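Here come two complexes built around subunit A, the first alongside subunit B, the second alongside subunit C.
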Partner chain A sequence: MDGSIGILSQVAFWGLYSGCIYILLATGLNLIFGVMKIVNFAHGEFLMLGTYVTFFLFVISGFNPYVLLICSIPVLIVVGIIVERLCFRPILGTGKLNEIFISLGLIYIFQNMVAMIWTDEWRSIKSPFSDITISLGPLQLPLDYLIIITVTILILVAFYLFLQKTALGRAIRAASQNRKGAMLMGINVEKMDMLTFGIGAGLAGAAGTLWAVSGQVFNPYMGSIPAIKGFAIIILGGLGSIPGAIVGGLAIGMVENFTAYTLGGSWKDAVSFILLIVVLVIRPTGLFGEAEE
Partner chain B sequence: MKISNARDPRTLLTAAFLVLAFLIPLFIGSNLYYLTILILMLIFIIYASAWNFLTFSGQGSLGHAAFFGLGGYAASLLALRLGLPPLVTLVFGGAFAAVIGILIGLTCVRLREWFLAMVTFGFAVIIQTLVVSQLAPVTGGWDGYPVPKLVPTSIPGYLMIEYYLILIIAIAVILIFHYLLKSRIGLALAAIRENELEARAAGINPVPFKLFAFGVSAFVTGIAGSLEIFHFGYITPEIFGIDLSFWPIIYSITGGLGTLAGPIVGTIVVTLLWDGLNAVGLTYARFIIIGVLLVLIIIFLPRGLVSIPEEIQKRIRRKKS
Partner chain C sequence: MKRESIFCIFLAICLTFLVLSSGCTEQQPAAQKGEIKIGVVASMTGPASTTGKDIWQSAELAAEEINARGGVYVKDLGRSIPIHLVQGDDESTREGGQKAVSKLITQDNVDLLVGGYSSAVVSAHQAIVAEYKVPYIISGGSSTSVSHRTDIDTSYMFFHRPNTDDSGEASVMFINEVIRPSINSKFGFSADRKLRMAVIYQDSPFGKGQLDAVKNLIKTENLPIEVVAEEPFKMGESDFRTVLTSVKSKNPDIIYAVTFLNELVPMTQQARRDVGLNTLILSIENNDDPDYYKGVGSYGDAQVMESRFSPYAVPKGSTEEATRQFLSNFDKKYGGFAGMMGAATYESVYVAAEAIEKAGSLEKAKIRDALANLAMPQMMEIMKGGIISFSPDFHESKFDLYVVQLAIDPASGEPRPTIVWPENLKAKEFMLPDWYTPGST
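After this line comes the complex of A and B, so read on.
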């Protein structure tokens, strides 16, 4: 009995860890959706780029991979800004699903550019702490996972403070609440679009670094599924709600790991979509979503 | 139904196109590689047209590979277990995809665009998971199983026969779509697409029409999937892959969303580009080129390649005035 509780809490801990990656993705997607009202299906490619930036810098410099967060976040912010300027700005306000279609193009571009540079082999890096585990009663906690959870919390707190306390954060929130109103108040909404897209991409980049240091394997095509799950999370949590993204991310992380434990690994991806479909059948606007505009 | 005006350039173009489609194997018939490309092109014309038909009702799907694959599995299992000829079972493959499509449609009719995209994508993932895990005893899991060919390879010139068979199916499908869209059903679908609230006010209940569009689209997609399986002679769960969901979207957008000619033009142009780039030796780069093409078309030519003549006319008129 004791052993099974041990295993269950172990699974819960993995869920917490994979939830962290999803939370970072979903928060970024949510921020972008809040301000621009678009859905970026290519968001997972930022995650993938984040893992490769980390991988590349780790191989050439040998730094502690956690330090590389300082590089992967800014690099992805710049990538995000470029993508927003070149691809999403021109189609803002045009056809209904254009942003999804343009994301498809971006997915092909990013995946195969990375595949051209680093080939499409599965890669992984080894964190310097990968051998250390901390025993807590029956639990075996890898130190890396603890650091990842802490880093995620730190990033989220920093992000929250940025949104709440700084003038820029206020402007972003204003643009997200009422685009026209913000414009009338003299906020440069287009600059906010650029900024939020950059920040969203930066958060995905951070998730990429954390993905790589956790010892998980990655290849150029690994991004699409996590990003679409990130999107499932923000539907569950309600479009535009950041607390919803955090709760939804943890929920999906947990459900996935418990399903993999009970039904077998092949159900890991499918279960989040089953959850999403069940929720949408009951509430077509998502768990905490507002009614139609 | 009015018979189109013979002097309409579009009628002439269509006629020329049909003649070309019927004559082209006579010129390249000895080259099996080109013939295979043409056959796959036809299958994807059917597939992309089916996907595009769904957009006529204002719905979209990111997971049409689910129906493509279900059609393939249902048709090939029937052909294997009951020994029925593939040409018969592909109708059942389509019907099976349509039943599942209507079930999925039932969960989707109330959803907004993004949610719909997510749910359809999710269904493709769920169905693939089912096929490789719980249904593995029937489906052979990830390994798949060999299936009979559409036309047995023992018949001389089997690929040529296959080409003409699929060409006839493709023409039939496009004609059906053409007449459906011209009928009252097509008008109702257009009304729902443009403004669902107004359509309701005009006495159109959107739900059955949307389900109808879903069912028809899934049916034809299932047939396209069966055709591909019977062409290759093998099926694996890769058929549910994300790529296969994305291709019809890329074809339709490149050609022009919401037009019958769009998916046809798009499939031909993108396939030729794709295989041309492959022949030049670009593997990853061709994906990048297709991606860039897609982005450029969405930004600069939102109504696709078929709108080029119109755009040129507009330019000329603007210069004159």
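After this line comes the complex of A and C, so read on.
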């Protein structure tokens, strides 16, 4: 292994990019868990839908795919709201088993629906900036990845400001911290559930758009693996903790890429999950999680 | 007591009836229903679904053509009967393959199986085929760990594909005979300079089989090729940036990629576009598929691929007419062209029909014997000696393999292949592209 600073920095850059996709996915997942305490295994399917919405709009409009974020996020917010109203609202509080089976059912429904509409061929789109690379010393930084990292940061900042500075954001935080207390304070928690699920799906949709723009291939079955990683990240970072999702996403992105560099690509998932186990053994609530009372 | 005795007698009669009827079902040949049931094992869902669809559609086309000619003559019945295909979706997983093959054999009562793609998936359901002794013409599963295994009875399995040793040999010989001298000549290196080769391979029996074959060949033939990197990746991977960064640091002259097409597309794109790895990527025959050319786009320009059937590069000679006919019929029926796995499965259905006709029966042992002694004229893929037959040791058919080089077709904007090796099949000379950068001297 050639461990020069240039190569290690390049690997870290790829880790940062992977981390961005994971962060957006895990942040949405954690937001939903924080407020509704439900486990949605179909969250990866929102990412997959995000890629297809981007692909579809890109093909019919020819717009810059980054601009399509302003379409894919709202579309996925609406999809999230519909899923929450039709699927999760009726079974809320009836037991984890129902949630698990509903979400497993949703995986098949979304996968088959997308395969029916767009077939199950592998797809990809080409960003208009795909041939532009910025050289920074020994580093080769493709412009697309710099934009993806920047867009992720902007989305996270906007999300932070929304949660901290708006009444709606404060209401979501209140519902997340103490559901009964929030209800007693006059907050419509069912509305917060709906909104939370929508935002979570919207963040996954943004991850899907960025996935597609980066030139990664996608097909209707591509959501499962990122979803598993998303769950690993929120457990690593701490269930319900947004900073945990960010740190966890970055950690998994970095560990995966440095493992691929040192031990080979076939080890990257194994080492990520070893990290998860080690963290849970040392700190069972995850990096930023709080012990339940 | 009397009531108990009556109950026992009734139970015994029921059990006897059940046993006899189940025995009758097992021994009842499908021909009594007036058709030959062929199970097609294909990855209709999961990461290899693009190839799976190709396999199924090509099998469908072959069955349709055979049925249009009146079906397959079975001497024991004294008449021709049609082929009925039954789909077995292996879901691109080992477990999915086991479920699909079990169902095809025990519930659908197929007379014969064709298809199979991933070596890992095929190896997982081989034991079921061995147990039920159903003839199986496998068009994938190229690893020798699948066809040369001795832990199970493989006497009913026939491999209509080159194994990893065969395709590895063709690829390495091309690299040594054509690419290495081209690089040495263009960049003024000494003629005995060792070519630096990086192998990026799927961490599966297929990938490991190729890696072993390549390394063994280099060693036994003492070829001037140095393997400077061996990078495994998980099946279905789409992010190769770090692996390629690692490979780039080893300064290779060429990358030998052992992948499925959904892996080769992002690998090729990320190598050129993201990592700036301006080197050649040589891939394996299973990627010779219209979906690869469509997916890889301009990044596929000048890349090379070992092949045995190419939808866009039809070798001149005795197989040309059959190939063009197949491509035309496929295009009419499904729109677009089939890839190599489709062609191999299409031929496999014809091989099955020929074996049944030669056996004159639907008894599985007789079909197995007919397959073992088969000598059928080649169809689209160029066979050794112009004959499709299976070797006595491991039941493998032998192909004349070739290598194609891609070039952008201005009309479609996609790369298209042309045969550049071997000498007797090539349509043009191999060319090192202008953007190519060799590894360190």
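The definition used in the following text is that the second predicted complex is superposed on the first by the 284 of 293 C-alpha atoms of A that agree within 3 Å, B and C clash if a C-alpha of one lies under 4 Å from a C-alpha of the other, contacts with A are read in each partner's own complex, and residues count from 1 in each chain.
Throughout what follows, a contact is a pair of C-beta atoms (placed from the backbone, for glycine too) under 8 Å apart; a residue touches a chain by one contact, two chains touch by 3 or more.
Note that the structure is a prediction, hence the values are computed from the model and not measured.
Chemist: Once both complexes are superposed via subunit A, do subunit B and subunit C end up clashing or fitting?
Modeler: clash
Chemist: Would you sort A:L280 into first (subunit B), second (subunit C), both or neither based on which partner it touches?
Modeler: A:L280 contacts subunit B only, not subunit C.
Chemist: Check the residue A:G264 against both partner chains and state whether it touches subunit B (first), subunit C (second), both, or neither.
Modeler: A:G264 sits against subunit B and subunit C alike.
Chemist: Go through the superposed model and pick first if A:K126 touches only subunit B, second if only subunit C, both, or neither.
Modeler: Second partner only.
Chemist: With the two structures laid over each other on chain A, which partner does A:Q140 touch: subunit B (first), subunit C (second), both, or neither?
Modeler: Only subunit C is touched by A:Q140; subunit B is not.
Chemist: Go through the superposed model and pick first if A:A232 touches only subunit B, second if only subunit C, both, or neither.
Modeler: In the superposed model, A:A232 contacts subunit B only, not subunit C.
Chemist: For subunit A, what residues appear in both contact lists, the one with subunit B and the one with subunit C?
Modeler: Looking at subunit A, the two contact sets intersect at 225, 264, 266, 269.
Chemist: In the complex of these two chains, what residues of subunit A are touching subunit C?
Modeler: Residue list for subunit A touching subunit C: 1-2, 4, 7, 10-11, 14-15, 17-18, 120-122, 124, 126, 130-131, 133, 140, 142, 145, 215-217, 219, 221-222, 225, 257-258, 260-261, 264-266, 268-269.
Chemist: Touching subunit B in the complex: which residues of subunit A?
Modeler: Its residues touching subunit B are 39, 87, 90-91, 94-98, 100-102, 104-109, 111-113, 115-116, 224-225, 228, 231-232, 235, 263-264, 266-267, 269-270, 272-274, 276-277, 280-281, 284-286, 292.
Chemist: Under the definition above, what is the set of subunit C residues touching subunit A in their complex?
Modeler: 45-47, 49-50, 53, 203, 231-234, 236-243, 245-246, 249-250, 261-262, 265-266, 269-270, 273-276, 291, 295, 297
Chemist: Across the complex, what residues on subunit B touch subunit A?
Modeler: 60, 62, 107, 110-115, 117-119, 121-123, 125-126, 128-130, 132-133, 242, 246, 249-250, 253, 257, 284-285, 287-288, 290-295, 298-299, 302
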